[in-house]
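This is the structure I want to talk about, given as structure tokens.
Letters are used for the chains, namely A, B, C and D, taken in the order the chains are written, and counting of residues starts over at 1 for each.
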């Protein structure tokens, strides 16, 4: 991972805007921001952002690579699309935030203990296993993502909710045994693998 | 209607606002025959609805009075109101133009004595005041209207009100049998001065123009200042009629925005700066203005106007496109939410009143032109050889301030004259 | 009206014994009444919603939805795809648009799909169930089926994010969509006109990882419904429904509030108004029981 | 002209017949007004009524028409008779609409109406129908001064309309500033990429035109005359002079790039790699589409920083106070020079407000962003030398931090300084009979008031800059392009086209002796009686348009086609030897005198109101239309401009028993709203001296009040009249009632 990071640093030598353009999903839109700030003001999680989207775009242009990629900010995105709906320049901000998050993770720069970063990974792992999300396993792995004792504490805190869901048959302990999934797991996994390969090849190629 | 005489040396000017008036007069004062058509019942256009002009803070009606006097005195200009162009065919130097004139239901006998207006009862939203006030079904569009003749709202024709109006008129000026008329004329060149309309503020949903009484547009704000406007010249909140001393101005309301108008409407920054002076004028030290902006475009030598207002301690400038407006239910105050991008500061600022510096949209949408015309992506008419002798003047060519619109109109008058002079030369 | 058939993408949360299985029950009831046939896409997979990004890159995520669309084309070539879950609908529709706009991306996606023996033409529309109701059935027809008008109920229509942005429902605005209000009125109840939190985010994506942040948002959504005199909230999104319903106790514990606001799906509302039983309308799936609806259904 | 015959026509429509005793008014017209023909009509503006009047003109020899009906602003289409004078007694807006309809007020309302008819008849008696001036110029050629893109456009466009043009350029080639650019900002959609300047095409068009004569290396060493008959000396560098005649002049003298050496703090002059916008164009031309190299060592530029508003929008000594308008677009264009050649070159634009207006501007800005030009809201404090290139120190306003960045090249987006010649307030004109060419002057006018067109703030050439942007204070001379306002090429082209039209219009008007704006079409002109003149020079000094010269004996020389018919000269003249056919000391003075002044014991004061015809008078009309009212004692006379008010009118009025005088003119000062620029200012200076007159008459100075009244002062204008009525009531009637 850190090799990859080093590789990118050397490749772009300070031109972070170009690095983002080449490697981040929808990153070629960053240059189009005119710093009006409507995204920053529209985000429901706004107060929790260390650097709101418009500022992140400015930081990218100012070459603040580490500060951007190590930021917890992008992980605040709840995909509510308020920013996209309002952006006067049509920047797909939600996607850029996701893209930056993915990229920072790939580079190994994402903040280590960012809970949403962990959850997002768990979610992905969960769904790719069988093709469908196993809500119970996802929930459990989430509770235990910070270790066993933390997990017990969280699980206890959440037990009423679990009970409510159980009572209304919106959750079943049976799911732990396997639960839902795609039948063509083989094809499903092969497809994902291929998609991953293509994407990695594309990124490796870009900007060179 | 008397016969309209026009030849291929006649210039047709479409639109009776400041640009159309200028184009018509400048050509006529060069000795050319001009037909000036206007869709509404009177000349004047958008500028007649403004309280003051920047940067001199003078009154648009003053220049309008001069132009009207020039029109009254010039026999080369024929004015046709309530008239629209429905089609143009032919080539530069020889166009056949079809005009559609809607009935005014009032003929030349009208002395504008006002008896019909007193007689009728039905009231309608007053277009002149952007619907902020009401007018009668028989009305003079505004106090400086030219022609100085009353109009009947078509909605009262066929009702008792129309009969009342007719009965009240001593001069046999009300003619309820008037119908739509179509005229076909030949002209050498067309000057298209159909101007702009304020962008539909309701479409800018986060600002709640359609939901919050105390969010208004800049053009409506201008009407408020008119001593004879809907609030008698006072800056009052629509919700409760209280004086609005703390006013927010939101720039680029509909402009520079791909969700609305892609272009910069150019005038709005200066217009808001001008409007901040109204607060001072009316409330002195108690008047407070806050301008939320992306870039202040106080272009050229009038930048000092901006500098002066910036130095006024009661005026605040925040570099921010406001994200959304909510309403404080108790006070009726609009609350503006967003981020001051200079250093990242969040705000939720209540104000007495919000004025949206509304963008300029071309009046005529692409596709509604009476002939094929080269437009740019924003819908403004380009100066292009393919347009033949169809020349845009003023805001149909770009978002322009009055000064530039008049320049553009004057230039278009020469372009039209070049065409008709060539025709005249060819015909000896 | 003739039967209408759609290729149906239920999504993970609608599966049996999953968090919005009640949604599915009421949708089935509603569709039966309205003569809507939903043909499930065979072997569909998860769309990864909008939280899969950390693990999956862009193309893997696109491939997920592309697979579902390709399967739909194969099984129900003439039918539009319909989803009931906002996230499923959004992810699928977004994929459709991205691939439509970018031929290279479509080619790459098809290369990946080929590994699963599939190919995507990307031609059929991707629609939300609400669109089917509004555009294909129409309010008038929806109203005609009402047997028990929900008179006396005041309901806050909570649209949330993803059924609303970035695509939304045709003819509706992002800031003040009115279709839920119209539906509420169609079934004879009163809508909260001025429900300010109608399109506010419930923080769904952070509900698990940073619950204190999402719960602060949920609190405002519920509070505003109370302020507007609502008896209950209605929503078209399973994430919204679950978030706003199941965390009310925790919010009460943290903020000292006394929330007990039922949150139901539009399909539940319609089912009750259509005279269906509490079970058919999935009222037994409410963690916070919608007693007023139960009463009507029980009559 | 046949004998004077007054026809007075009294309308009874619009309620006049009910509110007034029209028979009595007719009697007044006949008895006091000496009207030979008097008719009443129920509906005078009807076709029938108009026919009645026309018939009297045609068959009864009526040549002075008095219409007692509505305001002179109304029904102008109907009451439009040729070859006669028309006086309008404003009985509707001026009497019955402005006075309440109450029985006990009928008497005073009737008195108002009768007075207005007396006054109109008196005006008619002292007017003659204007005939156009004797000195009609018939030169058709246009002189265009300045061979840049503005001047070339003006020349081409005027020539296309069929007018001969002489284009005078002081350097050895056409093209001016734009010719020194590598490329220009696009002038047609799509607004995405720099385009050819088109200078070469325009030069070719000019060379090919039979209508255009080019004078290179030439300047104007003397201009005299007036529209339709200008005469200009065109002198070449080598010393030869050619004198040619013109009908009108377009001044397209352009602007000079700001001298960047005044910006040492931005590194200019300290580092060779800090250049101004003009030098960047030169570097681009030298590169000819290849890599742009920096001046110090010829290294290919890999990083360039543009500093916007360099020496502009600042009140620092030596800086420009204004925004030059085109620099944002220019820097984006110049950044594209780099990006289009090599997208990897880093280009950064540091700005405060990015000003790219309209559709073209915003499109071009987006295109710049699309090409990855970096825009940063940053305020530059300093540029210093670094180890590899200049270092720019700035505050990033968004990130709220101080930044130091090294670049290979720094470009200062400097402004434009207008080439507007000499400031006539600073440089005195030669005495009559003497002449010296001023090398700094653009036009070297021999006008009494100075050699160039007056300047406005910041040295831009005069222009009314809102409603009538072409109106200068020098009739027939039109400034255009950046000499009158900072502007980009596209606007300069548009402006030049407009100014060419104005030049053509001036020529056409001069041919028939018509006045130019704002009294366009007016055929009257100042008539001067030399016998009484005391050579006091007030008229030559005060004329807002510099229309009056002086001969060697210091007598005024009127240039009718330079005159705008405001009457300021008439107002200024202490011996009253200047007048117009239809507007003179008498036409107004006799109106004042013909108003009946009741005896003191009647307790009916009289207040004279002199109101600017364009603003205050319409305001009073509109006040009437909206149901306001003002004192029945007022008698309102419209004047062309307050500047035309001769103090004799005031003195006469007071002497003959008026109790108060109210003058209503337009706003004066920097943001003047007077259509004749200085008229209201001149009036206010004169009126400040009326106090002496009042003192000599032992009258209270409150009896005369001067106000600035706007056309929108619909409530205020009547109130000002009422204030005077109150004042009169307070201080008592004038003792001068005989």
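Note that in this section contacts are C-beta pairs under 8 Å (C-beta built on N, C-alpha and C of every residue); 3 or more make two chains touch, one makes a residue touch a chain.
The shown structure was predicted, so the numbers you read here are calculated from the model rather than taken from an experiment.
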| item | value |
| --- | --- |
| Chain whose Cα mean lies nearest the overall Cα mean | B |
| Taking each chain's C-alpha mean as its centre, the one farthest from chain C | D |
| Approximate Å spacing (C-alpha centroids) for the pair chain C, chain D | 65 |
| Inter-centroid spacing, chain C versus chain A (mean Cα positions, whole Å) | 23 |
| Intercentroid distance (Cα basis), chain B paired with chain A, Å | 49 |
| Two or more partner chains touched - positions in chain D | 354, 377, 398-399 |
| Of all residues in chain A, the ones touching two or more other chains | 34-35, 54-55, 85-86, 89 |
| Per-residue overlap in chain C, given as positions that touch at least 2 other chains | 174 |
| Set of all touching chain pairs, with the criterion as stated earlier | A-B, A-C, A-D, B-C, B-D |
| Touching residues on chain D, where the partner in the complex is chain A | 344, 346, 354, 365-366, 369-370, 372, 374-377, 396, 398-399, 403 |
| Touching residues on chain B, where the partner in the complex is chain D | 18, 25-26, 29-31, 51, 53, 55-63, 65-67, 69-70, 72-74, 108-109, 111-114, 140, 143-144, 147-148, 170-171, 226-228, 256, 262-264, 266, 295-304, 307, 319, 341-344, 376-378, 380, 382-384, 398-400, 402-404, 406-411, 413-415, 417-418, 421-422, 425 |
| Residues on chain B engaged by chain C in the complex (per definition of touch) | 203, 205-206, 208, 210-211, 324, 326 |
| Touch list for chain A against partner chain B, complex | 34-38, 40-42, 46-47, 51-52, 54-55, 85-86, 88-90 |
| Touching residues on chain B, where the partner in the complex is chain A | 206, 252, 256-260, 294, 319-324, 337-341, 344, 346 |
